[in-house]
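What follows is a pair of complexes built around subunit A, which joins subunit B in one and subunit C in the other.
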Partner chain A sequence: MNKKSYRHFIFRKILHNRLALTGGIFIIILSLIAFFASLIANDKPILVIYQNRLLLPCIYVPQDLKQADWLNIINKSDFSISPPIPYSPIGVNLNECLLAPSPSHWLGTDENGRDVLARMIHGSRISLQVGIIAVGISLIVGVYLGAMAGYYGGWLDSLISRFIEIMMCFPFFFLVLAVMAFLEPGIYKIMIVIGLTSWTGIARLTRGEFIKIRNEEYILAARCLGLSNSKIIFRHILPNAIAPVLVSATFGIASAVLVESSLTFLGFGVQIPTASWGEILSQGHKYLTIAWWLPLFPGLAIFLTVLAYNLLGEGLRDALDPRLTGSGDSW
Partner chain B sequence: MVTQPILKISHLSSSFKSGHNYIKVVDDLSLHINPGEVVGLVGESGSGKTVTALSILQLSNCLLEGSIELNKHELIGMKQEELRNIRGKKIGIIFQEPMSSLNPVFTIGKQIAEVIENHEKISHKQASLKAISLLENVGISQPDIRYHEYPHQMSGGMCQRVMIAMAIACQPQLLIADEPTTALDVSIQSQIITLLKDLKKQYNMSILLITHDLGIVAQLADRVAVMYAGQIVEDAPIKEFIKKPEHPYTLGLIKSLPGKHKHGEKLFSIPGTVPNPLSWPNGCHFHPRCSYVEDQCKVNNPCLFEVSPGRQSRCFFAGRLPDEK
Partner chain C sequence: MWSYILRRVLLAIPTFIGISLITFFIMHLAPGDPATMALQGDSIGKGMSAANIEQMKETLGLNDALPVQYFRWMKRLVCLDLGESLKDHRKVTEKIWEALPNTLLLNLLALIVVYIVSLPLGVFSAEKQNTFFDKSITTALFILYAIPVIWLALLLIMLFYVKLNWFPASGIQSLDSEYMRWWPWLFDRLKHMILPLVCFSYAGFAVISRYVRSSMLEVIRQDYIRTARAKGLSEHKVIYKHALSNALIPIVTLLGLELPGLLGGSVIIEQIFSWPGLGWLFFDALNSRDYTVIMGLTVFTSILVLLSTLLSDILYAVVDPRIHYE
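Moving on to the complex of A and B:
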């Protein structure tokens, strides 16, 4: 047996699961696109040598060139590298309103002449951030409350469990909508609100895992060795309990992406001119009859991202659950 | 000079709460352990041995009555923080199932080092060095490589050695060994017994050896206390105990050991079964199965009293039992 055999085993099982692998690769590519968005879609060049100065305008624009016409600079420069999609997500060009997809605008333009592909590439940042930050918040809240309830039991468990049940009684989407109605619209508020309302499932799962593991003999042994409760909870039980929780968090990311798009569509999310998939969709639905590409592509992106997270989550769940081990695939 | 016992349990009773009732599983238990002494606590399954062990560490989830003194400090009612300084530091414990007593997600070395860091002001590096030397001390070869291995990569015997290393990491005065060899095969059993013997000498600690195997007690213990249905029925030095038991139950136990019987003859067994803690009989807990029973046994429960110096028995007939050998 080699050193990290269990992790290897899980990894191998995911690699063998084609769908989960596809989902994983899609998310990795999407993360790379989001991370390098300003290098992929930008009206400024990536690298330019202008008047004997080496400039990286996508990353940093010097003070004296804030108002510069980059097209002009590129023409005058000795050497320049332009991004593959030479449009900014907020660059309005009223001469090119509502153009259908073509070689110059691969996914067409919107009613202000902004390139849809450039906007979608920059919008992917929002979608990924929403998923990760919202689920991060719900993981922290859910795991903490679930751990307390499961480990200590008794009245604390009753209190937290009843609180979870009360929270679960509210329809999730309308709870988020109601809270957002009282707040100024904003993408970070959406993330926090989604995070603070979607932790119930994670809390219940964590509670169950903790109840199961706290009665294991090695936890009794840890108590006999004089370790404090917080060490036992966070160092000894949590690593054993976290796997199924992470699976459910993966599904949580998918639902957070969807909720963010819906909220932005309804006007509670990012504000003009910031790009997000929900926002493009929301702007595009007005032109549904004349510009099919406006709602289609962001809708497709949302659909594929949610699908990818779900496939990855499902693959992770199958890999971590030994009862679902397929035939012939033994330890 | 009279030696002060390290651990002195007097009239301990432990009861589990069940609904509105309390179920007593340990009843009027008195036991002392002197420095450097190995005391065997013997009894059948369900006689309250493990509950006694966990009660000493205040981890039994029971209602405790009586007194447990460690070096003259009362443990019952002690604050959790003080108790944490005793668990693992003054009292070490090893369990029956070595494989499930180690956390599967950490390397064994990390688990030992964690105990040391928890109780001693020591740097992480020094703690891991100490853990490696402990592993060597309990007879694990290539301790620096084994340090980085996970529990599932080791055999049961090795896991038990790791558990012992964890239990003795802070040089406790008392080691509670709760059926340390039950889950191991016979050849490993004797290795673990030898190891415990060596460590006892090396660290000069006392051991409370909980087992149902009289053979192990005979090999290791200086004194033996026999439990039956939550009570200690006899407490005696091991040699005298084997030579002449002073309680009908222990008499039956010794008689049922294989060895003296003729070939082809059935082994002796005590008739009946151990009573359930819910329905302990009135009077002496053993009377329904006892062959010397008289009317007073059915009404009065005898106390543990001294038969001869160093020997205690909980039977009205102690000292007067016929010698059946």
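Moving on to the complex of A and C:
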């Protein structure tokens, strides 16, 4: 079976798995929302023609209009298109604190009168970025260490395996929070810390796959041909070992999203005023008795995102498992 | 078997050293140093002069070379001395000792609940593989598994405390519990425990029952099950006597593997429910940058995990005579 047809085959299998497809579509929609967040939820118009100038304030605000009152400009303008949710994620409005969902604020407002929906739309950026970057880092570290341990074996394997074992002894939140507590908070630090603390599963998987493959005949053949170790590792073993690792990485994205929202909830993650789902949840904790909408909607968003990634990972696992021919039953 | 156990125990020693090294490394990773960090997190510390901070660093021994500091810390660690809290100057071990029973109580109860629910679920799912029952259980657990614990905790509090007022939302007992007779006292404790317990256990249902299911399915395919069936044993006996007892062997190891998750989760759950356990203590120390407590708890919880994995490995060797150390 050549490479292209195999990929095609896997792709077709995922397309036929309705649940995995739903998960994938959800993630694509979420990515689009995140990418166009400032066009969807903003207090500035998307497009406005004002004093014979064509402005796109969501994308670029000219110097002379930095302090401008956009409501005023829209009223005076000849033509304008406003975003569907006309609120900025960070615009404080103390006259509208903790309002329940209504036609003007679909998902209510928070303690500073900010629109919850606008904050959730902008918060999706954080969740997507954390998932992908943190897992990217843990993939690089995990695959590299796992490959070294599995391919070379011997003392290197014992050393790396012991290191993995040590890292797995730390209860995850204790480790992450201990690190976060001593760093200045920041969104990229969270991603790096989550990535550097969650690579153990990937490393173990990669190691196992490499041990399985390194004695295959085609690897022996490659060795006989005098290929360098790095070429054998990255060109010949890795492509054959990566499938189960990618499945685990997909589940890893789900858990990174969870971890970020939990860290932010505890106050050690994304800092205000940056919008994130965990931050709205922590406000929800504060106003639990009076504002049901604060925990409900961001929690639902986290739940659906995690579910979508898990469904996708599940579908990927089924598609890659040659023993399974029927519907998704391996979970 | 004994040599396996001995080797396993000896191997735990380098792991322990590794744990201590990593913890020490984390604490010195911070820009600045623990003393300054601790003082920045402290309201009194803000007014302190640089000279005072310097003096404090000197008393804490933070001006020595890192290896010197590490060996001094390690020497005390071996004697079970984790230093004293920067916040209230009480011994860290004493604080941990106070909080430990509360966390262990919840975690062990959660483990019991998880196994009581997941074992039958997993066995039934395997017995009725690919039926409607199996599929709906699988789907329900899959959805349950994706629910963020914070969300569930907040929703439970809103429903059962704010709306229905059935269960309290914080603490381990009511304020007047000291004056209660033992029966109402126990009832009061139980009421406080229900919601955190649900939060601790729901995610485990999915994990453990899936393991039980796949382990059962694996065993059912074996020859000796076919033999048991062939000699005319009832299906009930085949499943519950021959299959189950063998399928349970790998499940034993999971006991040890569940603990890190439970302990890690306790930081969030105990904070939400104000449950005075290890997680709550840790969160409190994080907020005041109390680095001796943070360091002590990080080491302590990971040693707890180390011991539990050790225990489950040994247990595995005891229940499965096929295990040998390679």
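In this section, the second predicted complex is superposed on the first by the 323 of 331 C-alpha atoms of A that agree within 3 Å, B and C clash if a C-alpha of one lies under 4 Å from a C-alpha of the other, contacts with A are read in each partner's own complex, and residues count from 1 in each chain.
Definition applied: a contact is a pair of C-beta atoms (placed from the backbone, for glycine too) under 8 Å apart; a residue touches a chain by one contact, two chains touch by 3 or more.
Everything numeric here is computed off the predicted structure, so don't read it as measured data.
S.K.: Overlaying on subunit A: subunit B and subunit C, fit or clash?
M.R.: In the superposition, subunit B and subunit C stay clear of each other.
S.K.: For the overlay on chain A, what angle lies at subunit A between subunit B and subunit C, C-alpha centres, nearest 10°?
M.R.: Given the fit on chain A C-alpha atoms, the answer is 90 degrees.
S.K.: Contacts for A:K212 in the overlay, against subunit B (first) and subunit C (second): which applies, first, second, both or neither?
M.R.: neither
S.K.: According to the stated criteria, A:K286 is in contact with first (subunit B), second (subunit C), both, or neither; which is it?
M.R.: neither
S.K.: Considering only the touch criterion stated at the top, classify A:I302 as touching first (subunit B), second (subunit C), both, or neither.
M.R.: In the superposition, A:I302 contacts subunit C only.
S.K.: Just subunit B (first), just subunit C (second), both, or neither: which does A:L220 touch?
M.R.: first
S.K.: Which holds for A:H236: it touches subunit B only (first), subunit C only (second), both, or neither?
M.R.: Only subunit B is touched by A:H236; subunit C is not.
S.K.: Per the contact definition in the header, classify A:S228: touching subunit B only (first), subunit C only (second), both, or neither.
M.R.: A:S228 contacts subunit B only, not subunit C.
S.K.: Please determine whether it is subunit B or subunit C that touches the greater number of subunit A residues.
M.R.: Partner touching more subunit A residues in the overlay: C.
S.K.: Touch test for A:R162: subunit B only (first), subunit C only (second), both, or neither?
M.R.: Only subunit C is touched by A:R162; subunit B is not.
S.K.: Now for A:R18: first (subunit B), second (subunit C), both, or neither, which partner does it touch?
M.R.: The answer is neither, since A:R18 touches no partner chain.
S.K.: Counting only touches as set out at the top, which of subunit B and subunit C does A:F170 meet: first, second, both, neither?
M.R.: second
S.K.: I want to verify one number: the closest Cα approach of subunit B to subunit C after the superposition, in Å.
M.R.: Nearest C-alpha pair, subunit B versus subunit C: 12 Å apart.
S.K.: Between subunit B and subunit C, which residues of subunit A are contacted by each of them?
M.R.: Residues common to the subunit A contacts of subunit C and of subunit B do not exist here, since the sets are disjoint.
S.K.: Inside the complex, what are the residues of subunit C that reach subunit A?
M.R.: My answer: residues 14-15, 18-19, 22-23, 26-27, 29-31, 34, 37, 130, 138, 142-143, 145-151, 154-155, 157-158, 162, 169, 210, 260-261, 263-265, 267-268, 271-272, 279, 282-283, 286-287, 289, 291, 294-295, 297-298, 301-303, 305-306, 309.
S.K.: Using the touch definition from the top, list the residues of subunit A that touch subunit B in their complex.
M.R.: It comes out as residues 1, 3, 6, 216-218, 220-228, 231, 235-236, 239-240.
S.K.: Would you tell me which residues of subunit A are touching subunit C in their complex?
M.R.: Spelled out, the residues of subunit A in touch with subunit C are 162-163, 165-175, 177-179, 181-184, 254, 258, 261-262, 265-268, 278, 281, 284-285, 288-289, 292, 295-296, 299-300, 302-303, 306-307, 310, 314, 329, 331.
S.K.: What part of subunit B is in contact with subunit A in the complex they form?
M.R.: Residues in contact with subunit A: 57, 59, 83-89, 92-93, 95, 97, 100-106, 114-115, 118-119, 148-149, 152-153, 163, 166-167.
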